[in-house]
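Shared chain: subunit A. Partners: subunit B in the first complex, subunit C in the second.
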Partner chain A sequence: MLAGFAAMLAGTRTSRATAPLLFGYGPQSTALAQSDIESPDPAASAYTNPASACEPGTRLLAGHAYAWTDLTIDDRAMPLRGIAGTDLAFQLGRRIGRRWQLGGAVAAHLPDESLAQISFRPGSEPSFVRFEPSPQRAVADAVLAARYAALSAGAGVSVLADARGDVGFLLGQDGNGTYADGATNVELPYRLAPLVGVGVDLGPVGIAGRFRGAQAVGLDLATRADVSVTGNPLNGTTLVTVAGQSGYVPATWDIGARWNPSRELRLTGALQLARWSRAPSNTAEVTMAVRLGLSPGQIEARFVRPSLRDTVSPRCGVTWTARLADRPVDLRVGYAYSPSPVPEQTGLTSWADAPAHIIGVGTGVELGQAWGIALRADLAAQLWMLRERTFDKPSEVLPFAHYRAGGRLFDLSAAMEAAWR
Partner chain B sequence: MQHVLWLRTVVHRLVRASRPAAAAALLLTYAPTSGASVWEVFGFGPEGVASVSAQAATANDGTSVFYNPGGLAMGRGTQIELSGTGMLSWLEAQGATQPIHDPAGGSLAVGSDVPLEGPLANRLRVGFGAYALPSKLMRLQMRPGTDPFFPYYDNRTQRLTVIPAVAVRLASWIGVGVGANVLAGVSGPVDVREGQSRGLETLLQQDVRTVAGWVAGLRVAPVPGLDLALAFRQRFGVPFHVITTANVAGVPLRVDVDTAEALYDPAVVVVAGAVQPSDRVRLELDGSWSRWSAWRGPLLSIDTTVSALSLASHSPEGLFRDTWAVRGAGHWWFAKSANAQLGTIAGAGYETSMLDTSARQGRTNFIDGPKLMVGAGTVAHFPGLIGRALSLSVGAQWQRVAATVQDKQVCTSVPCAPDTLVGPDTDRPGEGISNPGYPTLRGHGGVFVLSVGARVEL
Partner chain C sequence: MAVTLACARWVLVVSWLAWIPACGALGHDEPPGPVFRDARTGFVDGPGIEVCMDGTRVVAPSRAAGGALSFCVSPGVASRTCDDTTECAPGERCVCGRCGTRPCRNATECDAGEVCVGNRCASVCGSDTDCRAGETCSAGGCARRCSTQVDCAYGEKCSALDGTCIVKLCGEAVSCNVGEPCAPLERVADLREPHGMTWGGQALAFVEIRDGSACAVYRARVVSLRRWEVDPLQPVLAPENGEGGCVGAPSVVAEPGRLVMYASRGDGSAIVRASSVDGSTFLREPTPVVTPTEDWQGGWVGAPGAARFQGATRLFYQADRGRAIGLASIDEATGTLLDIRPTPVISPSMLEDPLFWRGVQRVTSPFAVERDGALLLYVAARGAEHSDAQVAAGGVYPADVNDSIGLLASRDLVAWDRFPTGPVLARRTNLRTYLGELEPAVMFLDGGAWLVYVGADASGVATTGLGLATSGP
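For the complex of A and B:
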């Protein structure tokens, strides 16, 4: 139960990678395969690059994204949920004097089915560590930014929570017969991950950097059972403690660049380093403290850290601005290569993953003014193609000694943006 | 004659305006659950604390997202208020002081116009209210069934509270608004068993789903200097339902834990009126009804199977009853100049007990009584100092819970009635009783609340 609390605003599941980390936040980033670190949509700047949150104006973005998953292990489809959620973002920037700009932004991603799914799977069962339910987790970022001349910088936090505490229940007996009673005391302390962005805008050329801290939900929850019922084999006290890190998302370092060869054309590129090697075990540690009339054979279980690999992912994108019916229309295309952080499996764990080619396309249209608001619509699609990968463990006696992993993901993202400039 | 016409106008406008809102409030009262907040128990911000929450017909800034979203529509510009609130408990149960855990937190209240043109110009406003504890999102504490405690105050203020709201000014004299009290509930299984590794492996799958309770309100200003308000807050509880299964040395253990409505706030309907006889004085009177009778109680519901033995907890029923409250507040600007205004706030209120003291309790030892609330505060307003104005305020409140006493009844023969106490021996059920409320359950005390804040108008 307890894990559940963990999620209240954040939460996660077995592993890894929130939906925005996989596909990008908002249609522009999705279409450009997240190569837009230097030139994000300012409304989405809290996630994409905090340094852009000082762009003058007020912007409100509301969008939705849905990703179909077709991931297979040994040609059998893995029953994964569609990755769907609503994006809500707000950005406010003001010019202060001739050279200064100040601003702030918030961005939230709210999965459709639940704010979060927290889970620990049995460590030996096959699972897609990057794509299983962690994309179902909510994201909540808040940043402040400032710009002086060509230099801009922003910083903020992404908010999560841990869960710790205990649940106790008593099964007892009095003169009137048996009875049950219980109590809980569970806390959700904050866990904040830092967000930092910097940028240099030199007119037709710009460079930027971004850092997002690692995130996970730490669980440390104990269930205590006191049983005192005549003749019951579990009479005594049993304390089961489950502890672990659920929904780990690695720290990422991004550098990006932009070049505008002409007024209509914009080229973007980025490199992302994801520190998967710092990932904790994605299975829960279980300990049993037993004071009973019998002794269980197992009183403790710990899995080793997964020893994932850091990955470097190159990304690029092209934006062409055309005019259609006298309205500016952005046409976007992007490509990225996403290496797999999962090493060869040689032990009890059976994680599945494969390198992926990512292609994105999209468009954005200025819709004009309504009630004094400048409206804009954006649409994007992104395809992940995982290269089929075979895992062969060194011993046939290990669980899931041989298996193949591969598949595709297809993401559609649409958003409306209102701006007061 | 003029007074009659004035009265007819007021009544006519009020009836016309309140029909849909009253219908909506009635419907929402019976809507499913949507946690308790520090605002519900003590008030939102320094002015809310000082006025003992008599604010439904007055608030038009960010705090109106809680008091009455309809009032948000009657505001102008942008207001941002940050405040801190602390609580100190002198509640006593069986001679022991009952602390309020996590007794301090901070609130943010924002109200702002939405700059639109055309038919929506100057009509739409948005608001946002949030309360956060300094170090944690929330604490969920469900006590053992025999603990003596005050369910009205226990584990009701230890959570994040977030209410976004939107309001529309339909005409210059009427505004409606709606907000959502948003949090999350949890359900899912936890299974500890031997896995492929032949060691203990945990399968844990928890879904955290959004729960929301509506806050809706109507504000009418039929004539200058008079404001009338109707506000509704849907009941709010944080649901948790988790089934834990484990295998201990071959003995199956299954525990179904259900905390249907933790951090509970009842559905509340508030009717309020405020008059401003001069530009220095404002008076408000609120009446409210809180539907505590719908609460399933503050205890964990447990259904468990150990080996072949199935046991379930049985929460007492019929102990909670609806409450009525009346609250009044006055605001007096006693010093006004071009650069500064100083005002004072005083409030007082009374609320009936949410516990039916005529119903005898068995194992449980819930304590509550009628409450007397007294508040006071001061506001300093500095036009043009920061933005359009800066306001600094402080508010204090004392809530006094009347003494309650209940003699416990001892079971004389098995099977025992649920409202009796029993000892460990079936043959002598009235002997050896260890319940902490035996032989007499007693409680009384009070809570002191202090809030300080700063508000900027832009």
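For the complex of A and C:
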């Protein structure tokens, strides 16, 4: 496996960061292939399961991850933009009396290069709908949680900004000659998605559930160009509006379970339902109105819905706590199967995707205390192996009538965590 | 000791916190551009193909209103060979594998921003400071200074009058000085019905060269993506007596150990068949393969497009000057005509689309190729591929009718699908200026394809030479 990782590092283009949807939030979730719904790292609970945000203590997590992509269509590398980002999370929980716990948490994932990458592709052009460009947008979650005896629940919101506005351009003429003027007015209104988590802790076993609402970056931009120059036969107004949703992340329903057969061993499992069928078009709706003296006035709209299908993804993980130099060391391994939400392609669209086997490994080391703060370091790696999939459309004249999609993704994640108990 | 350990931990924490933001500054990938284009339909037009014949470039009559260019060459001066203009000296251009000056009769023959001064294309200038080192501004154009012939490019002469390099054009009416050869740069002829293929590991092309009403089939070596070299200089298939001086529109099928060519008589009276074992000498069969016998053929058959498909050669041909496409099947081993369809297989209405391709009135020059068990048929068709224009006053301009390249496909030669969004190649130079594309030929390569076509204006009458569009990565 190490040889495989090494070969992949040598043979693929680099990208930088993890996306919580794909790889999990933080090294623990990455190593366990997101099977830790019932027993997340409390510092990462705002993302992984809001119900765990009431865990007593104060924790701060700072992490970073690189992801290498090696996705191919017909054996040609798909030039995806790098996936890279920083994880910052904070969690505070307090015990209230004997049975109550209250807490809250925030978690953010900040891509290295941009808060959000908005990307629309021509409907017929092949694209990996799961991997572009959603891994490149920021995630900001905030939750509150409470626990009574064995029952816990948490809720919050995931915050995202849309882009909305207009761009004006004027080419005119006055006594000093021809001049150009422009103005841009872009707003970033907030969009909220609900987060809900519940859990039942029965000692050696526990079960939990999580719901994350769907999110996407909405774009609604209008560009207006006025041209008014003496003698120019093409004076007039052109209005182009581009609207659509990019970087869609589906709503997910997760149920998870944990079993501790012994103090050193913890088994976790989860099932995730992802509502890909609600995905909006990956193609922008474009309206163009040309009102020039001699030119065509045309209004065009193209809107292709991807018609994705919902997926159910099983996940499992094992954590074994050993002692090394009298310090506890967690060794983690996880596996998940991720079905493809992309159905057979029968028309102009050429979405690419394939079912994937996901393997994660990782470790976490307690570094001891410094001035009363417990320090911990975690490291994880996750490999996605997409099974090569062949798409055969029913008509030979359709664009990309036959193509194959497959490839791999490899993610490295590291984090430091400080805890005040 | 405890203090040392605590310090080490904090050093680790601080280093980590410093490293995280540093990761974001390690480097940034440029956003990827669209690189995946469908090999069969995702054609993007580029510069045209330069067809060379004995060192001269073949130019369409519409591009050579003043006749072919020739210039006087100083005795003993030879041109350098080249594959690309970047290998030539400043001011020179690589034409048909040789560097030379760029002669002209007027500025329309030069690039944008250039003028025609001293019969050579030159950069516009107002003074010497606008010109490159070694040049001077003469009559509004930069000219190379010279003291001897060595200072000038191939095709230029050092003028004793002002010490600059000039070009002297020559031809039937104007001769060069004694001892100076008149070197032809161009040959005016119409390039039609191209057909490219690979055979014996070599890229070959066959093309009809038309001079007035006369035409014949020539073979060309594909030297590079955009340069064909006619070789041999004689036609590989020439008209015989009674063929009206024209046989052309070649379509060639590779058979084991030989090439089989189908071509049509210029008068539409027959499609003939010839074969060659060396790729350059074709022996004509005495009996035509297809003659117009059905009413729907309108007394005219031509522009064959042949391909091996499902065990036989499928010969598509244009009938009634574009009213329909017919199909004949041939046993290539014996040359026997197996079947000829009694009705058209393709009609213009099959390409009609109420939004993307309207008023299709003619379908011509089929090019057939087998891919993945299906037969792809590229055709030229004449129609309007865009909506009518609306003007501010509320009036409507109808869209220009022009020729464009369309695609149909079939697995059984009975049911045909057409490309759903109109032509696969349709050019226009701005919002309202449509160009014509005729007589397609497609070569599939690894991951993509070349689409060679005959460029024309919207009327389809004035051709401009061979165009090349490519698909794939």
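Simple rule for what comes next: the second predicted complex is superposed on the first by the 394 of 421 C-alpha atoms of A that agree within 3 Å, B and C clash if a C-alpha of one lies under 4 Å from a C-alpha of the other, contacts with A are read in each partner's own complex, and residues count from 1 in each chain.
Methods note: a contact is a pair of C-beta atoms (placed from the backbone, for glycine too) under 8 Å apart; a residue touches a chain by one contact, two chains touch by 3 or more.
Small disclaimer: the values here were computed from a predicted structure and weren't measured.
Asks: Touching A:225, do we find subunit B (first), subunit C (second), both, or neither?
Replies: Touch status of A:225: first partner only.
Asks: Is A:86 contacted by the first partner subunit B, the second partner subunit C, both or neither?
Replies: A:86: touches subunit C, not subunit B.
Asks: Figure out whether A:62 sits in contact with subunit B (first) or subunit C (second), or with both, or with neither.
Replies: In the superposed model, A:62 contacts subunit C only, not subunit B.
Asks: First (subunit B), second (subunit C), both or neither: which does A:348 touch?
Replies: After superposing on A, A:348 lies in contact with both subunit B and subunit C.
Asks: What is the contact status of A:325 with respect to subunit B (first) and subunit C (second): first, second, both, or neither?
Replies: neither
Asks: Once the shared chain is lined up, is A:399 touching subunit B (first), subunit C (second), both, or neither of them?
Replies: Once the two structures are laid over each other on A, A:399 reaches both partners.
Asks: A:169 contacts which: subunit B (first), subunit C (second), both, neither?
Replies: So A:169 only meets subunit B here.
Asks: Who does A:371 touch here: subunit B (first), subunit C (second), both, or neither?
Replies: In the superposition, A:371 touches subunit B and subunit C alike.
Asks: With the two structures laid over each other on chain A, which partner does A:202 touch: subunit B (first), subunit C (second), both, or neither?
Replies: neither
Asks: Which chain, subunit B or subunit C, ends up touching more residues of subunit A in the combined arrangement?
Replies: Here the partner covering more residues of subunit A is B.
Asks: Which residues form the common part of the subunit A surface touched by subunit B and by subunit C?
Replies: Touching subunit B in the first complex and subunit C in the second, residues 13, 113, 117, 119, 121-122, 124-125, 292, 294-298, 348, 371, 399-400 of subunit A appear in both lists.
Asks: Of all residues in subunit A, which touch subunit B in the complex?
Replies: 1-9, 11, 13, 110, 113-125, 161, 165, 167-171, 173-190, 223, 225, 227, 229, 232-234, 238, 240, 242, 283-284, 286, 288, 290, 292, 294-298, 300-301, 348, 371-373, 399-400, 420
Asks: Along subunit C, where are the residues that touch subunit A in the complex?
Replies: The touching residues are 5-6, 9-10, 12-13, 16-17, 19-21, 23-24, 26, 28-29, 31-38, 40-42, 371-372, 374, 376, 386-392, 397, 407-411, 417-421, 431-432, 447, 473.
Asks: Quick check on the complex: what are the subunit B residues that touch subunit A?
Replies: Interface residues on subunit B, with respect to subunit A: 115-121, 135-147, 160, 183-184, 186-188, 190, 192-197, 199-210, 240, 242, 244, 246, 248-251, 253, 255, 257, 259, 299-300, 302-304, 306-307, 309, 311-313, 363, 411, 414-416, 422-429.
Asks: Would you mind writing out the residues of subunit A in touch with subunit C in their complex?
Replies: Residue list for subunit A touching subunit C: 13, 15-16, 62-64, 66, 73-74, 76, 78-82, 84, 86, 112-113, 117, 119, 121-122, 124-126, 236, 291-298, 348, 367-368, 370-371, 375, 377, 395-402, 416, 418.
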